[in-house]
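A, B, C, D, E and F are the chain letters, set down in written order, and residue numbers restart from 1 in every chain.
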């Protein structure tokens, strides 16, 4: 799954040293590993960095069946002729773009091994099928993300891959930052956004038994947007927060109670 | 498995806030996750919503071997020429249709990852094989369904997929609604329909040990339709309700006893 | 594995309501699920029904590697041109035939999902590769069979498939019916046929420990036919009944003793 | 693996009713299941029957990756044209040959399902890829073999396949018959052949702990033939009998001791 | 993944007899097995040896899906014509290059079996698809590496492969050598490099419970390079050392404490 | 992996009856199974036999993915035309060569089943894809090897394959024979060769706990050859003997101590 970055700078407020580390690693040609939970803003961060560094961004959502050819390219048959088509990684290498592999542990390990000569001092991509090796254009950067909470024996980054990267850890944004994001993205009042963030923080303090994952910034934005269509805050939060977080009836009831405590029945 | 929606509005009576949530999410461009058991009316609901919103509906029944190409499209060889044929998801994206992925957890995870850029604020479908990205036409909506009762470690929606969606939960319809559906769909008397619904509710109150799943509205309609061909209510219910629900002789005998209690030997 | 039905009506005597249920379901356009052990006459029953309803019968023996394409059709390369060839299900849908999927649980689940839109009120077959949807011709009927004794976690009909069907349960025929079948199919005397049926009933009363499955009507017919070639009843029964039922020497000896008790050394 | 039968009648002496049962089943068009251990003469028996019945014999050695296409046929690309080539089963069906599937449980289950319409009263082979059904020519017979000792949960004949067949059980031949075979096949003296058979019978009386399988007639013939090249009987038996039967040093020493007891140091 | 060696000699200081053993084995035409942990300098060593021996170096990073064809070559379809393209191993054999298979245990075993006739006295590569056998050109050398710490039952070199090779074991370089490497590769002061090496040695003395692998020379260089962009030594070490080594919050905190002890807050 | 035998007779001294058994079996057209550990001289033995019998030798190193087509042959597409290319087994059958399948248990079982009609009295190779059966030319011989120490449930020769073969067991050669081989192959003094053999015998007496496999003749030759390049005997033995035999630090230290006891620091 490939996509180009959007043109306007996304709303991103630095929390710690993440911007400085990203820029230092990028300038040194070091690859970057973003660690953090679902929906905490890793994609948003990469988009902001690509914008600030004025580099095109090519994003690849990784999955189980992502092959090396999906990243590097393949021959396609067109009108009886075979024609080579660069994959997203090769395009990034040639154009000097930032290539972002989202949820890289989902990909098969043979896919990540192709990253090694790009990720270390060699900075080049051997394209076996073409019999050529492409040196990364100036400006090329490699960024991968993964969620340590999903880490398992079967799905893990190899150490030889990890040690080729500089790591940046992410958590959820601070309350006032998260409020700002909700206001900016959903167009709701700061008061209501603050209520939503307090609800999310309460949920994040819960033991995760029964919850699949805690509430991300993304689900807060979705809840807020539903209210702009006239839904009450509580109905919106049940649909956008409680529903995605659990299928367990008991846990669900607990979330609904929390929603009723933290959110007003109607918006002012 | 793809199919276009039917033209006449299906019989659907709203139970709770499901219609309001669906329409709010649809207008906000948020994707929708329908949760509920087999045969409770999820498909019927989507058909009604598509009708009310006046959008074409494209339904895909998901299964184990559904590939990304099955959703997005593929090159076919026709008369020596390769020709690109859009898959159902791509057609929905281009036409601004509602795309409904029924039993989405059955599909392979790489198939659901292709939904991410469509399901969040980006609303675009990258088509890797064509090297293009298609922005969703106005009116496009993504709806998926799944049955939490089937949920297993191996077959589950990824959290990163779930948190991109707004959830609507379904149960079986209230008695009078279910009676109305049976009358409308099978053309039987309200009295007999009420007997069938009482039988279904009794079965639904059973512990599910031995039962694979409780009686759905669909099997009530089937039983009712068999009687319009002259079968007695009890013979019809054994064939349409007891038979599909269990293969266990003991459980089966129990169901037959319930059938004999709740249903008359002959229709008035 | 596809085959057309034979033209002459097979010998089938109704035991219970199975003929009435089959015809009612068929007339209502409901799909039918036949449940019962190996060799009890399910195939014979479907052949008789197709004959009585005057519909062509297309039978598909299901197996592990039966793909959707095997049912629906595929493009074949012939003389450099690709040509679409309908599969047996598609042919049945177009011609209004009865399509009988024997031992349907053997097929992969993705294969059975293709049945859903055919099995419920929609009665249409989407053919993805052609990009068309075929409405079932008048007269089309879908019948599947399976053996609940083989049921396992890995091989089972999905509930969403089962609840789209009306079930008919089969056991072995009553003694006098089974005698009649043996006489009609093997051309032996009624006395000898009655001996064989008594032997079969004795075997069916055994605990199945050691026996793979009890003696079917089919193996009785085979034993009877061997005697028409001059084999003694006991030698014939060892070859046609004991041999197929077990490989265990102890169980085998027990069966041979039963054979010697129930069958004469020579035919009168 | 396909091969035509040899022309001269193999040395085969009937032990029990196996010839009568084979011929009766063949004349009745019933399929035949040969059960017995490795190297006991099943292949030899089928060759003799084919010879006596004056039918061509087509043998297929089954294995894990034997596909339905390997049995039935496939399209091959030759000089740009696709050309259908019958598989061995199809050739046997068309020519009225006896088709012998050796070690049929090794084949995948989908392969054996293709046998069903051939094995029962229908006697026809549907060839899906051609869209035709071939009625078996007069004289066609289906024979399969398997070794119950290898029987496992994963590798077993389905009951629905077994109950379509008449079974014939094989053991090792009686002593004087086995001596005759060794004399006829290896050209050694009757005295030495008798020594070898006594050795084999002693080994067959052992508990099989440590032994993979007991000594077959085939290994006796091999040992005898080695002595015709000048090897001593004991050296020959170590190489042809002890070596193939075990890799365990202790068991091997035991076999060597038995060899030294039963066989002379030099041939007279 | 193939790549040619770089032209300038990499910084490599011999620690023990590894250079003498490599050169003796190379001159004798014996293959070489490099054993050691991630990032300890195995690749650097091979590059230095290839430089000193004045041979081209062809490196292949091995992975799960590396096939024999990936090493040996394959036919490609180009403009309707099939054309053979040598794989990296074949190129090395023809050109007399040193072929380095990095992390060879990652490759499938069938891939390593192709190395046998090259690795022993025969020194030739049979290319089955071409039907030819290529004798290794003078100067050809085969070098493989693996990390014994990753050794598992599933992923291991076969003994028949190991016993065809001469083994050289690697550990981390001595302190003064490692300092020199950090200074040379990152351009930092010897004092700061010594601090980093002391930190690495402290980490290497830890029990590895919680740590995935100890700090390699590679991560020290990355940390040092980040400081040349203005990051403080501690922020750089968190990103380049602690982040890649663990995802466990407790272990991570321990590493951060060690970083704060061994590294200054600011560079002098 | 295929290769032709070398022309000069390899150094091989018979230990027991192996030459007589091989020649007797070969002359009788019986297939031969060589059993023994890695590097004990099985390949060398077959090369000597082929030389003595004046037959070409075709060797195939077996592995997991060796298919029947790899042995028998396949159609290749060349310049738009399909062309049949014989595999190594077919070439041996046509030319009357000796075909040696090294480590045959590594191959898939379906691959070994193709050997059956060649291995028994039939001596013919059915080539299914060509629709022909090739009778083995005079002089054809089939030899397979395997290492009983590797024997496992998953990887084992089928009994039906074993009982078609005559077995020859191999151990390591006697001391004076092994010394002779080391002297002849590495060109070192008899005194040093005797030291190496004494070391190997000491290692072979060890319990194998910790050792993967004991020292083969092959590793002795490698150690000896390293000293001809100027390495000391102890450094050479560490690299060529201890390194390949173990990765365990404790076991490794034990081996190094044995090396220091049995081998001099410098060659005289």
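To be clear about the criterion, a contact is a pair of C-beta atoms (placed from the backbone, for glycine too) under 8 Å apart; a residue touches a chain by one contact, two chains touch by 3 or more.
A quick note: this is a predicted structure, and the numbers were derived from the prediction, not measured.
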Chains in simultaneous contact with chain E and chain F: none
Interface sides of chain A and chain B: same vs different residues, half threshold: different
CA centroid of chain B to CA centroid of chain D, Å: 53
Interchain centroid distance [CA atoms averaged], chain A/chain D, Å: 61
CA centroid of chain B to CA centroid of chain C, Å: 31
Of all residues in chain D, the ones touching two or more other chains: 80
Topology of the chain contact graph, where touching chains are joined (line, ring, star, complete, other): ring
Sequence of touching chains round the ring, chain A onward through chain E: A, E, F, D, C, B
In the complex, chain F residues that touch chain D: 17, 20-21, 23-25, 27-28, 30, 33, 35, 68, 75, 80-82, 108-110, 113-114, 116-117, 120-122, 124, 126, 128-129, 131, 133, 148, 151, 159-160, 162-169
Chain C partner contacts - residues on chain B that touch it in the complex: 1-4, 6, 38-39, 61-66, 70, 76-80, 85, 88, 103, 106, 147, 185, 212-213, 216, 218-219, 222, 225-226, 228-231, 235-236, 239-240, 242-245, 247
